[in-house]
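Chain naming follows the written order as A, B, C and D, and within any one chain the residues start at number 1.
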Amino acid sequence: MQPEDTPALRELYKGFENHHLIPLWTQLGDLMPIHPKPRAVPHLWKWSDLLPLAEKSGELVPVGRGGERRAIGLANPGLGGHAYVSPTLWAAIQYLGPRETAPEHRHSQNAFRFVVEGEGVWTVVNGDPVRMSRGDLLLTPGWCFHGHHNDTDQPMAWIDGLDIPFSQQNDVGFFEFGSDRVTDYATPRFSQGERLWCHPGLRPLSGLQDTVSSPIGAYRWEYTDRALTEQLLLEEEGQPATVEQGHAAIRYVNPTTGGDVMPTIRCEFHRLRAGCTTPTRREVGSTVFQVFEGSGAVVMDGVEHTLDIGDLFVIPSWISWSLQAETQFDLFRFSDAPIMERLNFARTHVETPDR
Amino acid sequence: MQPEDTPALRELYKGFENHHLIPLWTQLGDLMPIHPKPRAVPHLWKWSDLLPLAEKSGELVPVGRGGERRAIGLANPGLGGHAYVSPTLWAAIQYLGPRETAPEHRHSQNAFRFVVEGEGVWTVVNGDPVRMSRGDLLLTPGWCFHGHHNDTDQPMAWIDGLDIPFSQQNDVGFFEFGSDRVTDYATPRFSQGERLWCHPGLRPLSGLQDTVSSPIGAYRWEYTDRALTEQLLLEEEGQPATVEQGHAAIRYVNPTTGGDVMPTIRCEFHRLRAGCTTPTRREVGSTVFQVFEGSGAVVMDGVEHTLDIGDLFVIPSWISWSLQAETQFDLFRFSDAPIMERLNFARTHVETPDR
Amino acid sequence: MQPEDTPALRELYKGFENHHLIPLWTQLGDLMPIHPKPRAVPHLWKWSDLLPLAEKSGELVPVGRGGERRAIGLANPGLGGHAYVSPTLWAAIQYLGPRETAPEHRHSQNAFRFVVEGEGVWTVVNGDPVRMSRGDLLLTPGWCFHGHHNDTDQPMAWIDGLDIPFSQQNDVGFFEFGSDRVTDYATPRFSQGERLWCHPGLRPLSGLQDTVSSPIGAYRWEYTDRALTEQLLLEEEGQPATVEQGHAAIRYVNPTTGGDVMPTIRCEFHRLRAGCTTPTRREVGSTVFQVFEGSGAVVMDGVEHTLDIGDLFVIPSWISWSLQAETQFDLFRFSDAPIMERLNFARTHVETPDR
Amino acid sequence: MQPEDTPALRELYKGFENHHLIPLWTQLGDLMPIHPKPRAVPHLWKWSDLLPLAEKSGELVPVGRGGERRAIGLANPGLGGHAYVSPTLWAAIQYLGPRETAPEHRHSQNAFRFVVEGEGVWTVVNGDPVRMSRGDLLLTPGWCFHGHHNDTDQPMAWIDGLDIPFSQQNDVGFFEFGSDRVTDYATPRFSQGERLWCHPGLRPLSGLQDTVSSPIGAYRWEYTDRALTEQLLLEEEGQPATVEQGHAAIRYVNPTTGGDVMPTIRCEFHRLRAGCTTPTRREVGSTVFQVFEGSGAVVMDGVEHTLDIGDLFVIPSWISWSLQAETQFDLFRFSDAPIMERLNFARTHVETPDR
């Protein structure tokens, strides 16, 4: 479909180059593919690889002002050496040694932490100390000051999720240093945000203004577990409660709106009954899962990967995927779905199984 | 300001009458007052009067198809013999004897129940049995089938709130009879709606569609009490948590939106520290309070009324009011504020105290 | 279904009366009918009756401070002598003699004017003089100052529509006097609001904040006529453009939101081809039509009424109606539909014709 | 701030590499800069360079299935040889020779065209032929079929704007071929969309469902010019109408919502009085201007560029800029602001001039 290669055409193309121009007709397939053809690839990181490297970093790399965090980012093999798990998302394992402090700062990028094991660290968000324990989701929405400190004699590791690649690609990020130490070393069981907001269906009259991101700093495992347990029980009782047969799931939401916890990142938790397999799906946008409990597998783009606790995998846009539960299988999930939905790019395709 | 009374004017006015016309200039002050001049008056109903009358009704009046409910409506003395507590709201004490059933029906009118004392009744809303216990708020949004049954050998009384006057004035109501018995006599501790939705900040993936009214059928006292307790504790710790000094309050909300539980009725719960007096307020729209615990007083339009547990009072539109707490003082509140806000008529005036 | 009349029951009922209580079981059918049973009745006011009475008022009744407006309200025969065309709406004919001024005031009530004939009056809304000409819809949203003056030697009459009954019933109205004369006697062809906002699909950067009511003060006949003409032409060309075969219609909207012009009142204009009959409908909420051009009939609750230019008729809630066009038939319409929709009471039933 | 380079550290870093991991502490400044540091640079493309190259392409490059469009994309010199004018936006000059047809297709990417000179082409959007004339903005929102044909014996050039870079970076795009010829070669003066929707403040009753993108296919120069003219006249009359002194501006909007025309692209038109200079601004997100009429200059990042008709320039995120009008100065503008606002990344800084 390309024009004949003539001296005149070469001169034209030279003119394009000289004037910082590129013709569409030589690029169309790349620029506008028939369906999303991500450079990012499906990939699995084993917790058994990640944790020892994080521990070793704890020995060799100090944490403090400048480097800011002892965080090791998952670099999608398809994305050319950038610390991007997908074009929009950052995922990392962060590690804090005994009694260490990661200094306070804030940035436009939205962040959360999820704890697959351990406890003992408090993250201090806009002055509110938030305990981090196993199974908890902790939020630090854009432009909130935050630092962490480990109140124990044991190290702790967890995962961080942010919209760093999106922010960097689109030039939206600001960053500001805060206190070198966290502003409050108290270690309360519950943060102020939780004490105000974690009462189901109740909203404080002092908080009637809707907020862009959730005012809840910590979503506790106890509640997540109970919600999923109830869904499976209701399913057994014949009530509509699960998203699919054998598949319970919750979305973490902003209680002021019922919508996603942050403007760019969706967080969910999924539980499959032993033996359950989810239908094969494709979705616009990228998503990351971390196994929290149990064992099973994921099939991505036709390739099966066995999964154990702590394992992280990324599913790029429009790559087919299905989960398989060997035991009861618990997975934390985050994605860029709010971006896709707010900009009207969301699409899902679910394969109907042959019979 | 009126035109001179002449034969010609009388003939004109006769012409108006013949053609179903009324001039504005004879009516302006009534039709468009300088500020709201409600016909409804501030009024207090004592629980010590209400409960014996409800009990007596239990003896004399059967409950069943046709009459539907053994409910006794509060009739505002200013509203000419209608069972309207205000121009928009209905409030009633309802009474169900041992083992009785109030049959199922549904209607456009939005309804709730609040329990100031007792337990043992289940309300079955669209087939979901909901326990009614002390301090609970129970919802039956418009067009949900609902009936009640008393599972015990003790009678039970509670209050109902609806938008019946609004519906009747504006001709919006439909009504349909359902089953003569409730569809499910089970007495579970928690309803399906609670089991799916009462996990703070968590939304089931099977319930991602927003709903006009809350999917939570029961807002339990345990959560309300804890939320208020935390607000007062946070206030003591110097955190912003209460709506005013010494005044904790929550609004019951629809978790799919963060907004009011139903399109026409707002429900709240207020707790004042002993000794606290709220600033004198005027608000567009009418509101009803019921004392839940403690003792105190309300000043409405300059008149003080002493308050005990169960007492109900109505504050019509733009009537000044202030609450005074003798002991720690708990009050349930409902109002037509969603109507006022959605139609842009809401206004509040708070008096600044003299110094 | 009522309890047996015994001395004990009478004593109970006496107790209710003494304590301002009314039982539900004696009132249910009235309070909660099977479907809306409006007290308001369908009614037609002939322009040939209205205009002479307005002219006579022009002779006998001065216009000025106190009476404020020479407006004659349509009083629904079912509403007991109130100047309410329906439970929510006010409709009136207003008359201003040569060179007269109606003084400025403002009120919470939302208002519009529609001009079925004549010209020469300017309404000054928050200081912006707005020409009133045949076929124009003019808005004065709640709490905007407004006055009118007749710049000619001819009288002029038009209709006013407001939410006065709704405001009065629900005690939401405030009123404030303004200047005794209008603040600006200029007679520009186009108001500032039109000059800023009446460019299709274009929004001034100085007006990016959404407003509760439309910033357009005048919706000109020229545009309405053209929009309806195009719909009928598109229909002839086989394009989907009309609401029903032979029935073109536009809704006047707030350009900042695409929604209704004011929070409580919907305004529309309908054009039927000669010979067109609309399906029989019932709707929750009340509506008023005024014939603008052509002749035809309306069937309300099974009764046919012949219609001529200027005639006004009201259709109360859930009353069946159908329009019939003898000639091409133009009608202005207003209703309380925004109230019904915002509070989730809207319902429509369209009869399918027998075949 | 980096850890000491030791064999152990090198081994750790080797481990990172082997497992597709990258530490944050070596990347922080790049990943999370203090403020946006775009790789894209401010750049100006002269119309006097672009048009001859487009004309030459008309001679040498056929238009048809496969290449799809004779469009030449502006390639930001900072973006490494991609045809991206900014990280989010595509801008191109498109050229269609006499009697040529560009075949129909559709894609997820949102597109518009703006005509700086010429006429004679119709773009057929979902079957609706839309005339393209000087000063018009034409929309083809995501997933609408569209093709173009030149009905004259003269060539025509215009600019295209799309969200191609955003779509490609984030893997959201789908593409589908349509008819090889346009489906309708009619050349009506006005499209169906205009005839239904371009009546200010009026909405067809057949179009009450809100749409994600504007239903208006063509925003005509006549209306844009009139809106800007009125703003400057109102300013002269002392009314608030312009966005800044001497600076009139409109935003093209979706009439069903009052919001942006498409979910990812904002379109505006700006007119400066001769001699006017705008305050120096920085904004998050990138924007492109094209000069439509008059002459002047832009200062970007402190560098002044002289501007003539047709010239295009891009301002990357957070780069300072100010416009200067020599004559009355008209500029079309488009940007990714809807992305920034919907995802809560929008920020603006306006420099206050020294005095």
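Everything that follows uses one rule, which is that a residue touches a chain if its C-beta (ideal position, glycine included) is under 8 Å from a C-beta of that chain, and two chains touch if they have at least 3 such contacts.
Quick caveat: nothing in here was measured; it's all calculated off a predicted structure.
Traced through touching neighbours, the fewest hops from subunit A to subunit C number 2. Any chain that touches subunit C and also touches subunit D would be listed here, but there is none. If each chain is reduced to the centroid of its CA atoms, subunit B and subunit D end up 52 Å from each other. One finds 43 Å separating the Cα centroids of subunit A and subunit B.
Note: centroid distance subunit A to subunit D, computed from Cα atoms, is 31 Å.
None of the residues of subunit C touches two or more other chains. Arrangement of the chains shown, judged by which pairs touch: one closed cycle in which each chain has exactly two touching partners. Listing the residues of subunit A that touch subunit D in their complex gives 1-3, 6, 8-9, 12, 15-16, 19-25, 27-28, 30-38, 40, 43, 45, 49-50, 53, 56-57, 59-62, 65-77, 81-83, 87-88, 90, 92, 107-109, 142, 164, 166-176, 212-213, 263-264, 284-286, 316-318, 336, 338-340, 342-345, 347.
Note for the complex: subunit D touches subunit C at residues 192, 195-206, 208, 210, 214, 216, 219, 223-224, 226-227, 230-231, 233-234, 239-243, 249-258, 261, 268.
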